[in-house]
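My questions will all concern the structure given below.
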Amino acid sequence: MLAKLKEQYGSGIRETSTYLGQNYMIVEPSIVSEVLQILRDEHDFDYCVDITAVHYPQREKQFDVLWILYSFLCNERIRVKIMIADGEMVSSSDPIWPTANWLEREVFDMFGIRFEGHPDLKRILLPEGWKGHPLRKDYGIIQQDQEWVQINLGIESGQ
Amino acid sequence: MQPVATTFFFYLLAGLTVASGAAVIMRKNAIHSALALIVALLGQAGLYLMLYAPFVAGVQIILYAGGIMVLFLFVIMLVNIERAQKEEQFNKQWLVGIVAAVALGALFVVVYIKGQALFPAHTVQLPEESNTQQIGVLLYGNYMFAFEIASLLLLVAIIGAVVMAKKKI
Amino acid sequence: MLEYITSYLNSNTTPGQAGNLFWAFVYIVLIFLGLSVAVIAMNWLERKILAHMQVRLGPMRVGPHGLLQPIADALKLLLKEDIMPERADKLVFWIAPLLVVMTAFTVFIVVPFGPTHAVTDMNIGILFMLGVSSLSVLGIVMAGWASNSHYPIMGALRSSAQMVSYEIAMGLAVVSAVLMTSLHGLGTYGVATGGSGTGTLSMIEIVKAQQEQQTWFLFKFFPLGLIAFFIFAVAMVAETNRAPFDLPEAESELTAGFHTEYSGFRWSLFFLAEYSAMIAVSAIAVTLWVGGWMRPFPNWLSGDTWDLVFSLIPGVTFILLGIFAFVGVRRMPKHPYFRIQTLGLAGFGAVLALIGVLLFIPPIRDRIQDIYWFSAKVAFSMYMYIWYRGTFPRYRFDQLMKVGWKVLLPIGIGVLILTAIMGVVL
Amino acid sequence: MGADQLGHRERPMTNGTKTDEMETGQTKASTATHPEKDPASYLSHLELGEKDQTFLDSDELIINMGPQHPATHGVLRVILKLDGEKVLGTECVIGYLHRGVEKIAEHRTYAMFNPYVDRMDYVAAVSNGLGYCEAVETLLNVQAPPRANYIRVILTELNRLASHMLWLGTHALDIGAITPLFYTFRDREEILKIFEKYCGARLTTHAFRIGGCLYETYDGFEQDVVKFLNFVTPKIGEYEELLTTNRIWVERTKGVGKISAEDCVALGVTGPVLRASGVKWDLRKAQPYAAYSDFEFEIPIGENGDTYDRYLVRMQEMRQSLRIIRQAVGKIPEGPIMAKVPKVIKPPVGEIYHSIEAPKGELGYFIVSDGSTQPYRVRVRPPSFVNLQALDMMVRGQLVADVIAVIGTLDIVLGEVDR
């Protein structure tokens, strides 16, 4: 399966390997939605378990964005990973899996990664108008949007 | 039981009815108007009671005040009534209003002057105990046909309303 | 003056019909007080019974077994801040609870607790009851609208639709019962006992008709009476907005429905009205189908001996309740902390027993036993209310309408027609 | 039908009460930012939904359900767009209980973060702990000893029972049946007592440690569990007696909140909701963890994917849990309860995803390690969060009362939705 994909995209698939029995592949951001589509349609990865991201501030391409997929038919999981720089757009997988809607919103909320073609990209867990994206490594653990708290809650600080 | 303080209650109920009737047309708020109308209807029911017509009074309360007016309120709350539009209507009809008021006033004057001749004073002591029974006998005896026609008319009205309100049945 | 007062006692009619204002006033005061006590008692009983159905204890802290809890609650409600939403329609918001309470209490004018124990007997008694109780929906609609808030207005809309719908089924059931009163001159019960062929709407006359026909209308034209009663029993639960038809105040959907924005005393008025309305419709049901003030088995167990036995039951009941209270006293923990509670319970038991003893005195006994049987039947109906609440989930709005219009209404019409046919045939 | 159309209001308002008004600003802001919608998309959008064109020109009503509402199971806020009582669309506003668990994880050591996961799905804290411990164990490449695994299974299944009981009680309460709540809470109490005796805590237990269990079972643990099993088996029948054939219950739940298997998969819905739609999939069978491969049990499935089927599936699941516990207690092995795990947990660089079948669905942990004592990133895949997304689809075109029923049947815990 992976071989077939590799054949199709060549260097687009940068790495496929297994760590502790879990498969993952790293692909180029440009082809990720096609790969995901193929994985769903041709390889029965019909269940998108999770979409998430990891922040590596010291890297040039700061973010890992991950799709964790599962196939009911093969009882198998796979992780699709892309690496993008800050501010780079990722094509949304909402058309492929409707579940991606909220998951991508959460990634946007927490990391500030924008998804292209998402129907309703806005904050989900934090309130509208909050400044900053908490799960970035440069966002301190006790940091908060003082201004927002003061305006909307009428208190000095939320801590 | 002999009635007590008849005159007092008559003027009380009549005054209540007239006052709330005026409120119905004078309030700008549709809900307040509807509530005033309910009070007017209740006052009327009281007047019926004083005329020894308990059945009519009961039906007045149960149908008009308890049934129809509730539906009125229901519809007023549901339907969007734009206030401005309503006020405009009031302004444009002042001429008609005056004509109607003058006509009605004239009628009252005539009735007041010729009242004795028109309605000769005879007090009928209606049997309070069997009032309802008599209505029943009359309704299903003498006026059977008219009664059935009326119910048929209502049936047609119901079907018409359903046809009008529903897009597809 | 004294003559005016005593003259009524010999007359065999209600104070309203006798034209005795003094006694009418006394009856009104008695009914008002009795109803308030009944609502308070009902509050405690509902919480206790429901609690025991749900494997918990219910109120236990204020007074022995929480007996004083309703009083404490009433005090709390009276002292609570009365909040009126800023943008509420002040006048309507203010009138609504009053209207609801007024209608709920007014209907008791014609409720016959006994052949002479009613404020008055109207020629249109049952019509009056239905009419006045149908006015209470106005109060609910006004409350919902005046609050100027979303949940209350949805509650108001629901309740107006619901009550108007179920009033029709209720009316049909009532009419079939009224029809039964007119059939005693013709029916199988043979001897024309002066029946004119026309029925009556008067509450007292309806019970008297059952007395003459020697049957509860519940069992008349079996099973027609039973079906009519069943329709009424369902409709009356819907009319009073109680589970499983408590959609206008559905807690889990509309927070509290039409009285969401009410607090303190105003809210307690709604509460009072709800419970007195429950008692009122139960009273209608009892009057129409279950023989009103008549004691059970008047024709099977007839005769002076049985009369005496049944007339002793009220006193026995109260004495048993008193004994029950004393058992409770014995079972109270023997700790100084509980001394006041124990004494209170003992006092309560003593009062109950005293009432029981009083009820054995012949003049009181004869006057009171009608009221006792009537109240006992109403109390059973109230217990059913609590039972429903403990057992049933809530209907959805469309299902509620379906039950009202597509089930109860056709059956009601069918029962009405069949009753009429039976009356003619038999 | 909004308050502004009632005829006499000076200022137009979208929401009636004062508290609502405070939130109106937010609502407007959130709806104003909506871009153009793709009608085929599953989600959201209050602008969608056709208007009912009767001649009475009734308008839509937008109401806020929550965040303070007795039936939204916490602080869920659902903005409903209604036509009368019919739901045209919903929008969930979540995050009122957001505590930044994932951020906290990056500043705690692996062992220190363990108690935090209990606070997510506080109704099924043991399951959360199990998932986290197993994920870290996978990362460390260690195996918990068999006895620890058996204890884990027993406690987790007890927790599943407790979670389902709480669900049943509150769900029935939402639909208006008040009595089952007290019955289920009475029986849940027995479970909590066992937890308390085992680890001292009742709700947020922190029962397991990375590598196994910290506590050996107390004396009489097995007897207690068996006693509980014998106690609770008839009780489940009792619940069913109250509800399963109750006409009103059936009418309120049959055909309500229907969702097909395809939609479930597309929306990532897992757990009993997925199974009620007819997909026979349970992680305990599909990818057995702990000691689940040792036990015999069945995966109950439904047919229609409606609220009634979900109810039946969960009832069956409770019975299956009892079966698992009975087997586990019967053959619980002797031996150590802790694997050899270093005092300071420093997993090698790498990333791992491990998921378990929590009472609500697939609960997954994605952990990235940079070789230090603190996780570089912990991502929780919360079942409630993903399942809640299906709410909009399930309630479209149904009534307000059904929204309540569907929120109940999804069995969400806001602590887990918001984290």
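Here the chain labels run A, B, C and D in written order, and each chain numbers its own residues starting at 1.
We adopt the following convention: a residue touches a chain if its C-beta (ideal position, glycine included) is under 8 Å from a C-beta of that chain, and two chains touch if they have at least 3 such contacts.
As the structure is a computational prediction, the values presented were derived from the model and not from experiment.
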item	value
Between chain A and chain C, the fewest steps along chains that touch one another	2
Result of counting contacting C-beta pairs for B-C and A-D, higher pair	A-D
Chain whose mean Cα position lies farthest from chain B	A
Separation of mean Cα positions, chain D and chain A [Å, integer]	23
Whole-Å gap separating chain B and chain C, where each centre is the average of the chain's CA atoms	31
Separation of mean Cα positions, chain D and chain C [Å, integer]	44
Distance between the centres, which are taken as Cα means, of chain D and chain B, whole angstrom	58
Multi-chain contact residues (two or more partners), chain C	89, 145, 153
Two or more partner chains touched - positions in chain B	31-32, 77-78
Residue ranges of chain B in contact with chain C within the complex	1-2, 4, 31-32, 35, 38, 54-55, 57-59, 61-62, 65-67, 69-71, 73-74, 77-78, 128-133, 136-137
Touch list for chain C against partner chain D, complex	50, 53-56, 85-87, 89, 145, 147-151, 153-154, 158, 243-244, 246-247, 250-255, 261, 389-399
Partner chain B, residues of chain C touching it in the complex	16-19, 21, 89, 92, 120, 122-124, 127-128, 130-132, 134-135, 137-138, 141-142, 145, 153, 156-157, 160-161, 163-164, 167, 196, 198-201
Residue numbers on chain A that touch chain D, as the complex places them	19-20, 22, 24, 46-50, 52, 54-55, 66, 68, 72, 75, 77, 79, 94, 97-99, 101-103, 106, 110, 119-129, 134-135, 137, 139, 141
Contacting residues of chain D [partner chain A, same complex]	26, 29-30, 33-35, 37-38, 41-45, 94-95, 98, 100, 102-104, 106-107, 138-139, 141, 265-269, 279, 281, 286-287, 350-353, 355, 362, 364, 366, 368, 376-377, 379, 381, 385-386, 389, 418-419
